[in-house]
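Written below as structure tokens is the structure these notes are about.
Per-chain residue numbering starts at 1, and chain names A, B and C are given in the order in which the chains are listed.
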């Protein structure tokens, strides 16, 4: 049995990569492996945007990640700098910049890149999607 | 909201936390004012660090994180000044954070 | 703790890849992580000297490569074949690098984690 760090660097809708990451995560857990955490970097941070409103009959990646966290408590870490650059921001940072709205909420969490280094070193393998 | 500091009857734009928005706006005489907002009084040793951090930024287009600041200071001024205890004594809330603000540099990236 | 290998394959400015690879490199090094910073294919354009992206209102982060020594990033590798294929040599680059051929780069991939940009 192995532990994995999953790095997602692409947005949820435009390519299949985020979904592939989710499928891998789900399969790893079902196979008895552990997930140290999922880290969203570059355009991958768009996965954490809770303003995503796809049509009801289409894939909803936001819900997929949320369910993964609900069922298995997998940490969903989002690089704060990459997120803020792309208009994804939590309440605390929105207040700091006098913004009215925020779109990054639990179970997603704003963290620094140091958290990725810890995940990488705390798992057997890192897989980038 | 617009944020600024008053300097010689001019408004110098800052972010909410008091970091200058434009590096070019900075003048050395502004440093004591920026230092005051951090409850720091400028002296010779602090000037040395503030000038060093500003030169570092102008040369490398990035503010040094503490690890890099320590190493670069050590290279130029020797181990007595290139160590993090010394730098924290001068800037108790973090040299990377406070010295950059006083030097008129942008707020360092959160994740670095 | 084994090394983290960061691979640059994209030219600068046309995408955010180079800037965010550099951010990861600086963050990792700040945490004391050993980094192999590799440039191949169009990624070697990141390292060209005399870049002037101010013309396109872009921050010139290529100046930051020279600061990597202060972050203890000592392993900076460039793919020999990629350089030759673009009619470039190490003289065209803004920092000192170690040249590797493709086989040597493949050997580098046997580290704890590889992140590609």
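Keep this in mind: a residue touches a chain if its C-beta (ideal position, glycine included) is under 8 Å from a C-beta of that chain, and two chains touch if they have at least 3 such contacts.
Predicted model, so just to flag it, every value in this text is computed and none were measured.
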Chain contact topology (line, ring, star, complete or other): complete
Winner on C-beta contact pairs when A-B is weighed against A-C: A-C
Computed distance of Cα centres, chain C from chain B, in Å: 28
Averaged-CA centre spacing for the pair chain B and chain A, given as whole angstrom: 34
Distance from chain C to chain A - Cα centre to Cα centre, in angstrom: 26
Multi-partner residues of chain C (at least 2 other chains): 23, 27, 30
Residues of chain A whose C-beta touches two or more other chains: 81-82, 112-114
Sites on chain B at which at least two other chains make contact: 109, 111-112
Contacting residues of chain C [partner chain A, same complex]: 1, 4, 16-17, 20, 23-24, 27-28, 30-31, 33, 112-117
In the complex with chain B, residue positions of chain A that touch it: 79-82, 84, 96-98, 111-114
Residues on chain A engaged by chain C in the complex (per definition of touch): 5, 7, 41-42, 81-82, 85, 112-114, 116-118, 120-121, 125-126, 128
Chain C to chain B touching residues, read off their complex: 23, 26-27, 29-30, 32, 59-61, 63-64, 66-67, 70-72
Complex contact set, residues of chain B against chain A: 1, 15-17, 109-112
